[in-house]
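Presented below is the structure to which this report refers.
Chain lettering (A, B, C and D) follows the sequence in which the chains are written, and residue indices restart at 1 in each chain.
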Amino acid sequence: MRPLRLGMVGGGQGAFIGAVHRIAARLDGHWQLVAGAFSSDAARAHASAAELNVAPDRSYADFAEMARAEAARDDGIEAVSIVTPNHMHAPVATAFLEAGIPVICDKPLTATLPEAEALAETVARTGTPFFLTHNYTGYPLIREAREIVARGDLGRLRVVQAEYAQDWLAEKLEETGQKQAAWRTDPAKSGAGGAIGDIGTHAFNLLEFVTGTQATHLAADLTSFVDGRRLDDNAHILLRLQDGAKGMLWASQIAPGHENGLRLRIYGDKAGLEWSQEDPNRLRFTRLGAPAQWLTRAGAGTGSLTTRIPPGHPEGYLEAFATLYTEAASDLRQPGAAPLLPGIEDGLRGMRFVTSCVTSARNDCAWTAL
Amino acid sequence: MRPLRLGMVGGGQGAFIGAVHRIAARLDGHWQLVAGAFSSDAARAHASAAELNVAPDRSYADFAEMARAEAARDDGIEAVSIVTPNHMHAPVATAFLEAGIPVICDKPLTATLPEAEALAETVARTGTPFFLTHNYTGYPLIREAREIVARGDLGRLRVVQAEYAQDWLAEKLEETGQKQAAWRTDPAKSGAGGAIGDIGTHAFNLLEFVTGTQATHLAADLTSFVDGRRLDDNAHILLRLQDGAKGMLWASQIAPGHENGLRLRIYGDKAGLEWSQEDPNRLRFTRLGAPAQWLTRAGAGTGSLTTRIPPGHPEGYLEAFATLYTEAASDLRQPGAAPLLPGIEDGLRGMRFVTSCVTSARNDCAWTAL
Amino acid sequence: MRPLRLGMVGGGQGAFIGAVHRIAARLDGHWQLVAGAFSSDAARAHASAAELNVAPDRSYADFAEMARAEAARDDGIEAVSIVTPNHMHAPVATAFLEAGIPVICDKPLTATLPEAEALAETVARTGTPFFLTHNYTGYPLIREAREIVARGDLGRLRVVQAEYAQDWLAEKLEETGQKQAAWRTDPAKSGAGGAIGDIGTHAFNLLEFVTGTQATHLAADLTSFVDGRRLDDNAHILLRLQDGAKGMLWASQIAPGHENGLRLRIYGDKAGLEWSQEDPNRLRFTRLGAPAQWLTRAGAGTGSLTTRIPPGHPEGYLEAFATLYTEAASDLRQPGAAPLLPGIEDGLRGMRFVTSCVTSARNDCAWTAL
Amino acid sequence: MRPLRLGMVGGGQGAFIGAVHRIAARLDGHWQLVAGAFSSDAARAHASAAELNVAPDRSYADFAEMARAEAARDDGIEAVSIVTPNHMHAPVATAFLEAGIPVICDKPLTATLPEAEALAETVARTGTPFFLTHNYTGYPLIREAREIVARGDLGRLRVVQAEYAQDWLAEKLEETGQKQAAWRTDPAKSGAGGAIGDIGTHAFNLLEFVTGTQATHLAADLTSFVDGRRLDDNAHILLRLQDGAKGMLWASQIAPGHENGLRLRIYGDKAGLEWSQEDPNRLRFTRLGAPAQWLTRAGAGTGSLTTRIPPGHPEGYLEAFATLYTEAASDLRQPGAAPLLPGIEDGLRGMRFVTSCVTSARNDCAWTAL
């Protein structure tokens, strides 16, 4: 199947999430990056394009021009990824939607609610597809959890506990020039929410995605613990959901010991389940009155999930594998560049191991030289 | 940077490891699959090529022909991946090495030790690069562990405990027509080793890779627990290493409760470390007389590893992300095909969440409707 | 040292917490149970006394009579344990305090706040010692945690997350005649709090015990999820503490998959810590910017705690040991009553194991019969 | 029920395991310590007796005299605990057995196999009860595991993996005057086995206890890693069991990061199970083809075990409780001696918490002062 042509706005040198989007787009072979406005700085935009193997005539310094130009080409992009800071989501998305080009947008949707509502109107009016990368919904066991709830295995929903704890903003990182910290703590770029916008929305989205229900009311205690910080860096929230269920949500970027502690626990009157993003290949499921079970990705007792490798291989297995391929490319481009890459000697060594094992076993487990 | 051109032998419809190699090759964008002999059955080979977007004139039914033809092209492949059953590794690798095409070969190297030795001679004589995908060596924390040992943090090495336990061959799966089980338990295709060849070699390789030392002698007790199975499905091995260290290695494919339980524990006179493939983003490191530490991938206290995402994101994070991109492609190809994919409504919902949080917080945490 | 003489009110046949208090009193040998009003039902009180090896003349059916009689004896009790349902704590404690007998009282203090205040006045006026068994404060690593906070290792306190989750009241157990459930869900016996009184107070007490600070305000959402239940079975609480710290507290008796999930997490501006009662011998401690450490009871890096056994022995080690002593008593009282108790054959077997190991090792690890 | 009268040989000041035996004997109230030869040094023996509340006329400096004297008394001891170093087990046990006094003996049975065999003859000839404290067999979930195997849930046994890893002898502790290390590494006091005798016998005993089967052959690789140590401090052992099962056993006292890492894993053709002494309240049980289950002590799906408290309370719960009782005794003996002990203020605080919760909940979760 032919890969689709993809463009990107943002994600140039020094950015983080753009690279993640590019890997994600490549991984299954359904997309090919062919155009981009990787930076609003023209020099940086073109340097990034060169690095990314994007042709010079499809490297743009202006997103509006990119939208126009790509819409006019026969071989124009078939979708655009928007990976800019939050405040740029709305103008960029609008430009491409108006040009009829489908949008894949990072979250949160926009910096402000009015912008979000205007964007929703644009989507509705243009009819152009719009996707939002609430990426945690893509975990196989999150989808399994959703199915478990949907088929009634938890019974009637009672309590939901969601949390997303990090520690990277425990000190005033935004004053050190760290770019990721700077825009996330700036109301002009991030919007009214700090931790709640950056990570609270993930926890909230996941809670609603898995339960299949919606929160109707909340009571929120937001704090900026770091002196002088203008947006919340910690949030304690009480939730009331449809049909009488209740919940709590904790989002924090100042909790030492947490890297990306996104965790979801759901309890109904028949069973409960727990999942943690830092250990994503296991889902704890307990029917009332029975021992706890650990479901594993693609393991016994799970359904037909989107999964690429057999159970027991953490999904990072693929990255480990990819590292070898990448090193092989490095070594071919510059011999000796990948000293850790296994080669023929390692293969011989393995065969000697097997042969020695068989010899020893045949000799009543006698010591056998390798 | 231009991706390198890659060919593949094996890995057609119904195979497992070929798809893993393709994802790994794509992930960082350094390779492009342009040719293949995906099966020795011509029809299957060409059907696989079509699915994989490989041009018909570069789909081969015979690996030897592929080696000749590709070597003759100006735009011929720059490396070939060999993902066939073990007994075919040697002839295929030899053909490509003789043609001057670098080889990336799945493990174990060959089915027999003489074949392996002959292949090593071919590599040496031709001078063509040869890489072996001992993929577990690519895990970031395995490389961190190797560095910890290399810089002497464990002190003098004393004890190594390695194990690789699975349960998928606990019953006679090879009689059910399951292709993966059939060739792995057939001496003609797998060689003299069953579990020790298939997974014991991984544990053994990892043990030597991380310790940077070599085993000199072993005593092995191999068993075929399943009635009528011709190769070992469980191995208990004592090891003696250079410089007086000792070890144990357990490989099993009949241990209920284990999916891919590859685990390594290493102890020196100053410290010890433990790692488990099913939880690959954590490395337990304990200096004698100090509390145990959990090092995380790219986390505090670790070195400059090959890593693509920040700490706390399990590497499966990328797959979850990729699933959204793949679903976006599906939806664009066929609207409605990806019902779980987040869209504009999810974005609006997130913005309402943020806005409600801020409103509630400003009103002394009053209940606020969403 | 002579053990002190102990009396008990409540804790007769069918009770739970009385037996726990008796074991706790015996464990270190500082107490001897010599008197009791084990039940308000005379027959049951005396039968319980006989079982507990309490002399008939010191078995009482009335707690007030017990207080008078014991206060009058030269060898009267030196303290009394109160292990009745909550609503009886105040009258019983008052009677013994007035008689000058020190009180060890189970928690919560009373059924109502006015009762509690009156009791506090009685304690102050009589000057008689009064102890409350907030037993979780006795865990060695809880005391370690308190010291860690007290010496400033967490820095300035920011966030506290406390929870106590159970599932035993997920269904309407109080209607089945289960005595423990019946009084706990009855406002007349338990007071105004259901889950918050029974287990929420534990989490709250522990939070203040470890942090050494106090909550000043709370906002609470209490729910009775089980139809017809008169007291809360789930509580979601926001907390504000002195000096600007904030917290959340979740108490639930309807969360399937939780037995006694008491868990405490505390974050300051320099470090964070986590502890779970179901895994009480480990304390996770993470300084900002350093790898997480797992402190173990009496292990490396911990202070001089109240601890009875070396690190790595879970404290249940003592119970396992005690089981053997109890079975030895059973066997001596009735030979053959303890079939699992190890004996001389097990000892011989162990010696043969050692001898065979040494023999095998001396013969180059040759197989040696046992 | 009247407690039985207990004597003890060994366990005086400076000893470790004697105190553990005394707690174990006290815990369920079935024993009362009334006599002892706590040391072969008379002064130390009598000082220890005084501390332990043993009457002076029943404090002995010579175990043989103790056996004679106690056998002659009407109120003589009904059993004796032997908690000396290994080489004294045989002579002491013999003296008491010959005097008709039942023996509770620490493990391993003796220092040498001939001694053990002679002792077995004495037991047989005298008919006096003899118990060996293989204490790990007393864990509730170990007994559950034994029942699981016995009722055939694992199917036919195939593989057993046992290990007991410690790190306290990683350096030459025996040269520092540490008494526990000194006798354990001295062949004259410990016998032919070092780590295999001290902890290997525990792992071996547990393996046979749980499986209900016996090892028939072993191949052992023993090492003394610490320079100059005369007994093994690390053992790698292959096992062959009855009916074709096989096993491995690792015992080590030089593995940094391990405190008391006793671990047992058992696999049959239908299911597998795993248990670790450092996390003794959980047993992992996996039927082939089903998700892993975690059985908890006294939890759902377990049988009628010897257990003192409800599930979810780790057994250390009792020690935490006991600490409060012990501190209450301290405070009564010397007011102010137990500053951490909860009292009336803590009780009031808890009641204020409950009352505030109820008030807040009734006011739509309004913030309420405590």
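Note that a contact is a pair of C-beta atoms (placed from the backbone, for glycine too) under 8 Å apart; a residue touches a chain by one contact, two chains touch by 3 or more.
What you see is a predicted model, and the numbers here were worked out from it, not measured in a lab.
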Q.
Tell me the fewest steps from subunit A to subunit D, where a step is a jump to a chain it touches.
A. 1
Q. Taking mean CA positions as centres, which chain lies farthest from subunit A?
A. D
**Q.** Geometric centre distance via CA averages, subunit D-subunit B, whole Å
**A.** 43
Q. How far is the middle of subunit B from the middle of subunit C, if each middle is the mean of its Cα atoms, in Å?
A. 48
Q: Give, as an integer number of Å, the spacing between the C-alpha centres of subunit D and subunit C.
A: 22
**Q.** For subunit C, residues contacting two or more additional chains
**A.** 219, 221, 238, 240, 258, 285, 292, 296, 299, 365, 367
Q.
Under the stated contact criterion, what part of subunit B meets subunit C in this complex?
A. 219, 238, 285, 289-296, 299-301, 365
Q) Which part of subunit C faces subunit A closely enough to touch in the complex? A) 158-159, 161, 167, 170-171, 219, 221, 223, 225, 234, 236, 238, 240, 246-248, 250, 252, 254-258, 265, 267-274, 284-288, 292, 364-365, 367
